[in-house]
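Dropping the structures in below, format is structure tokens.
What follows is a pair of complexes built around subunit A, which joins subunit B in one and subunit C in the other.
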Partner chain A sequence: MIFLQLLINALSLGSFYALVAFGFALIFGVTHAFNLAHGELILLGGYLAYFLVKYWQLPFIWTLPVCMLGLTMAAVLLQKLLQQVQPPYELNTLVVTFGLALVLQNVMLILFSANYRLIPSVELPFELTKFALNITEAQVMDIVVSLVATISLHLLLRKTFLGKALRATIQNREAAKLVGIHVRRMSLIAFLLGGALIGLAGPLYARTAYLQPAGGTEPTLIAIVITIFAGVGRTRGILLGGWVLGVAESLSVYLLGSGWRELVSAVLLILLLILQPQGLLPQRARWLG
Partner chain B sequence: MQVADEVQTPRYYETAPAGFSMTMRPLPASTFLYAAAVILLITWPFWGGSEGIYCRVMAMAFFYGALAYAWNLYSLTGCISLGHAAFFGLGAYGSGLASHYLGISPYWTVWIGGFLGALYGILWSVLFRKLRGARLGLATLASVEIPKVIVDNWDSFTFGSLGLVGIASLPGLNFAGLTVAFKDNFRTQYYLLLCTLTAIGMIHWLFIQSRWGWAARAVREEETAASMLGVNVAWTRGCALALSAFLTGVCGGVYAHLIGLIEPSMVFSLHISALPLVLSIFGGRYQTLGPVLGALILYPLDQLVFRSIFPVGHAFLYGLVIITTLIFFPNGVAGWLQQRVKIS
Partner chain C sequence: MAAQRSKAISSLANRPLWTCLAVLIVLTPILWRGPMPWLPTAAAGGAIRIGEVDPLTGKLANHGQEIHEGILYAVNEVNAQGGLAGLKVELISRDDQSQPEVAINQTEDLLYREKVLGLVGGYVDSLVGPVSELAAKHRTPYVASASLQSRLTQGRDNAYFFRVAHLKGIVEPLCRFVVEVLQPRRVSILYANTPGSTELGAEVRACLEKANIEVPIFEKFRSGLPDFSTFLLKLRQARVDTLISGGFFADHLVLVRQLKEQNVPLRAYLGPWGIAYPEFIETMGAASEGLLGMCAWNPDITLPGTEVESRNFVERFAAAFGKTPNTTNMHGYVSAKALLLAIAAVLKSGHELTGENIAKELRTVNLVTPMEHLAFDENGDPQHYRQTVVQIQKGRLVAIYPPDRASAGFMAPSGP
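Let's turn to the complex of A and B:
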């Protein structure tokens, strides 16, 4: 039974990781901007949810739309900032958002202090005594929200005209321009959607892991790992990548101890980069799915 | 002004008698500026009087200037590293643990720290030889985590997350009967770090002047063309990284022995990775004096002005600086100054 329990933990963790990665993958796919401040934006969303729950006694579920709205606005500001960046675009956005991550970390340190915070679960965990399983409300929520996000993003990208235009921009910017797609507007839309997805991940982060101003690097690395693993614009691949990473981390915690967990995403990222040095962007047919 | 002078001088000397020496030309004004700056820095500890803070802040500015020079050696080959904290931390732990377990003098152990850093640097250049630009930056960012987690978890050897406490401080030196002690003496530490900065700055300057430095810049500008001209790209880059990692490791060792206490989260931090990058890019990473200029301007500004306003989180200054520098003047302060002088 312990393996079933482990599997459930791993799947909920993996669903949460997929949720963390969606915003990054969308923004990176459409605009080629490496957003190293991604984790810090998620933390900002988490802090917003934390204070909404603590001081306004808002039910947790209502913090999701508020955070999505707030982070969408933050993402538009980020897009305006990154528009000013000079070429080489990828490298310079990497360095600029590295600076932005430093700014956000320290601003959060000034505003919220270095204390560890967590939105406590109100409900007790379900106990399926027959199977000796323990499932918390946060775990169910992670799985449900990330499934809903995956399905709606998938439908948006595959079934609507806007999704087609977004996918065309991801595949080839020049060709997309040639057929009359407004690439700049697409990048604005990518930042809007990405911001909403970051806002969705924030409150769940505050519930799954402890909020701490310096904790943003880890979600950033996780988002990058999953994006490289799945390839951009492949929604189901991202969910799968999240699950794989969740299982890998749970296994390493189970076998080695919790101290080694941080190593997993870093080593996976380095391995993926070494094995796919030519790029993360779609070049072959299998990326197009 | 200067440029105009130089354009006119040849005409001037054409009529001069043979054997007229060029040394008669007046020295440019910038020489006096440099001399004044050097004298000011050398005599600085005696201006502050009994107040140690100015002395200490300037000493740390030299230290980070030295780190920025070491970082810039690699950046001259066109690579932006976001992970120099790995070398720094390995140097600090290598040196601290060597002096803890083996009991040898810190003057020897800092080199052990440097070699550890260089080994990790060589590993980087072997593993990341195909990565460029943003992908290389990501790989370097992730590779800080590996030594950090290992040091954090190897409790029996590295003391884990509790950190290494009570590291031997640098013993005093004897010069002809005169003893120079470094422990708790900010003036001598100031001169030690000034010497470190000068040494690493000289290495940086020699690198830029040398054939190797020209090869490195050729690789930075256009890799394919450089290799067509017979530059061994991987070798040039790898050696620059090894040297850069070695010097960063030595700085880490010096830091461990000066502070006397290191923790994994302190020496493998994002802050240590970011600072040399910010200082170099702000100062101007293509200029000889860029990194030190960045360190001497930004670090005192951060510690003396921003720290008094924001006791915690004052480091957001560095983030703001890097964003504005990259967007508005990507060649840094030194590059900007040079352009201004040329135009006027």
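Let's turn to the complex of A and C:
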């Protein structure tokens, strides 16, 4: 049963990582904007949820749609800003968003102070005494929300005309323009969807980790690592990447100790880049086509 | 002819060599690290200038700002009393952004450009260590507000480094409390990847094993982790009854929340740093009940005989900053007070106001504060620093060990 408990812990951790990475991976995959302010946007979502829970007594679950809406608007502003960036686009967006991250950190420091905050939990775990398993509400939520996000995103990209247009834009922007796809609009839609996913991750971040104005680097790094694990431009790979990382970290903590988790993750990442540079999923599973 | 000469000069001026020389001339005063007599001195303009380097932004901003407030309060207090020998004290604060390399740059700026007389502040040894090296090189006294690592004072022969806290003052009462009061069967020690926490973990483990207490889990972790679920699984498996966590405020938030969520049966959870704060109780709510922490001072926990001074400090601090001070504020206050006292002593003696003379006076400081009776030993460590073990009981911090400071006894948790 220990193995099963370990697996649940690993999957929930991996799901949490995937949720943190979804918005970054989608925006980067579609627009090639390397958003270093990703973590700060997640924190903004987290702070919004924190204040909604603390001062408006809003049930946690209702903070998710509110934050999705709020961060979608923030993502539109980000898209307008990044529209002004001159080529080389990837490099310049990296520089611009790095500056934006610093600005956001200081704004949050002024608005929310340097105090640490989190959304407290009072729920006791679901105890499956027959199997000697403990599953917490946060673990269930991380797993369920990440699965729903993955499936929704996958269906949108694979089964709708909009999804086809987005995928075409990713494959070849010039060709997409020639067949009449409004590439700029696709970019805006990618930011809208990415913003909603960031808004989804924010409250769960505040519920799982903690909020502090300088804490944006951690989720940004998680998002970058998971995107590399998944392979750029893949949605199912993001959840799989999160799970692989979660399992690797949990196993290393269990077998070797807490001090080994980063080293094991780093070795895994290097091995993956050498042996499977296109990401975890085989080439045919890419939603790029 | 004149046109030709002008053209020649213009051509020379365009050469990179001339440009480099011009830049070098401009930068020489900045790059030169020796004395710069033409720059204003630390006591020029009728003010005593002291410098402060603290993490005012970044990961450690919470505690850095608290130390800054304590220092600022001490400076304002002295200025309100007419300054030092009639000279106003000017505090020049610098933000190290919680990064050692920035701490070095800011300290260099304070020492070489601002020419401060002394340095104060600092939170965690990874930031204090580099500042202490630079201060010693520049023969400027540095009184660190929150530093613990033994290596920074033991065997270093740094005559300019002083600090108001040290690890022994935490480890000794902690070990005695665990051995005498908790009397656990199996203890787990989790320590953060910082110099102070690593040393704390090793010393506590040695002490517990000496007392024949089993330590089946002894692990390091990276401060800031979002997940402890697998560690907690191991804790449950190892049937540990006491957890000593050398993490910081934010680490306790995450770890305690997951501990409660997963219903891990522990008799005691002890966090030497980060628990004994009213903010922690406010943030964690009922989940904080029964947790054990440590502090050197608190509005309700003061050095015997300093009750009036402590009360005055709380009232005036609250009036100045709009909040009740905590133990970190007090560390900042005491460190600044020691430095200012030493500067005052030099001024009173009529000696020249130099780093050597201030450091000499710091060695003779004998200051009773609500936090500690401050006197430095030959290494710059405080001789009487000793923390108190506190427990969160009914939403309040209550001193429970050592017996001469305790106002209540240890309360074991009623349920798992």
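Miscellaneous remarks
Definition applied: the second predicted complex is superposed on the first by the 250 of 289 C-alpha atoms of A that agree within 3 Å, B and C clash if a C-alpha of one lies under 4 Å from a C-alpha of the other, contacts with A are read in each partner's own complex, and residues count from 1 in each chain.
As a working rule, a contact is a pair of C-beta atoms (placed from the backbone, for glycine too) under 8 Å apart; a residue touches a chain by one contact, two chains touch by 3 or more.
Being a predicted model, the structure only gives us computed values, none of them experimental.
Using the contact criterion defined above for the overlaid structures, shared-chain residue A:134 touches subunit C, although it does not reach subunit B. Residue contacts after overlaying the shared chain place A:120 against subunit C, while subunit B stays out of touching range. Of the two partner chains placed by the overlay, subunit B and subunit C both lie in contact with A:109. Of the two partner chains, subunit B is the only one that A:99 touches; subunit C does not reach it. By the touch criterion stated above, A:270 is placed in contact with subunit B alone, subunit C being left untouched.
Using the contact criterion defined above for the overlaid structures, shared-chain residue A:259 touches subunit B and also reaches subunit C. By the document's definition of touching, neither partner reaches A:65: not subunit B, not subunit C. Contacts of A:250 after superposition: subunit C is touched, whereas subunit B is not reached. In the superposition on chain A, the residues of subunit A touched by subunit B in one structure and by subunit C in the other are 105-106, 109, 114, 213-214, 257, 259, 262. Interface residues of subunit B facing subunit A in the complex, by the touch rule stated above, are 80, 82, 127-128, 130-131, 133-135, 137-139, 141-143, 145-146, 148-149, 152-153, 270, 274, 277-278, 281, 310, 312-316, 318-323, 326-327, 330. Of all residues in subunit C, only 57-59, 61-62, 64-65, 98, 190, 193, 219-222, 224-227, 229-231, 233-234, 237, 249-250, 253-254, 257-258, 260-263, 279, 283-287 touch subunit A in the complex they form. On the side of subunit A, the complex with subunit B involves touching residues 34, 36, 81, 84-86, 88, 90-96, 98-110, 113-114, 213-214, 217, 221, 224, 257, 259-260, 262-263, 265-267, 269-270, 273-274, 277, 279-280. By the touch rule above, subunit A contacts subunit C in their complex via residues 2, 5-6, 9-10, 12-13, 16, 105-106, 109, 114-118, 120-125, 127, 134, 136-139, 208-210, 212-215, 218, 249-250, 253-254, 257-259, 261-262.
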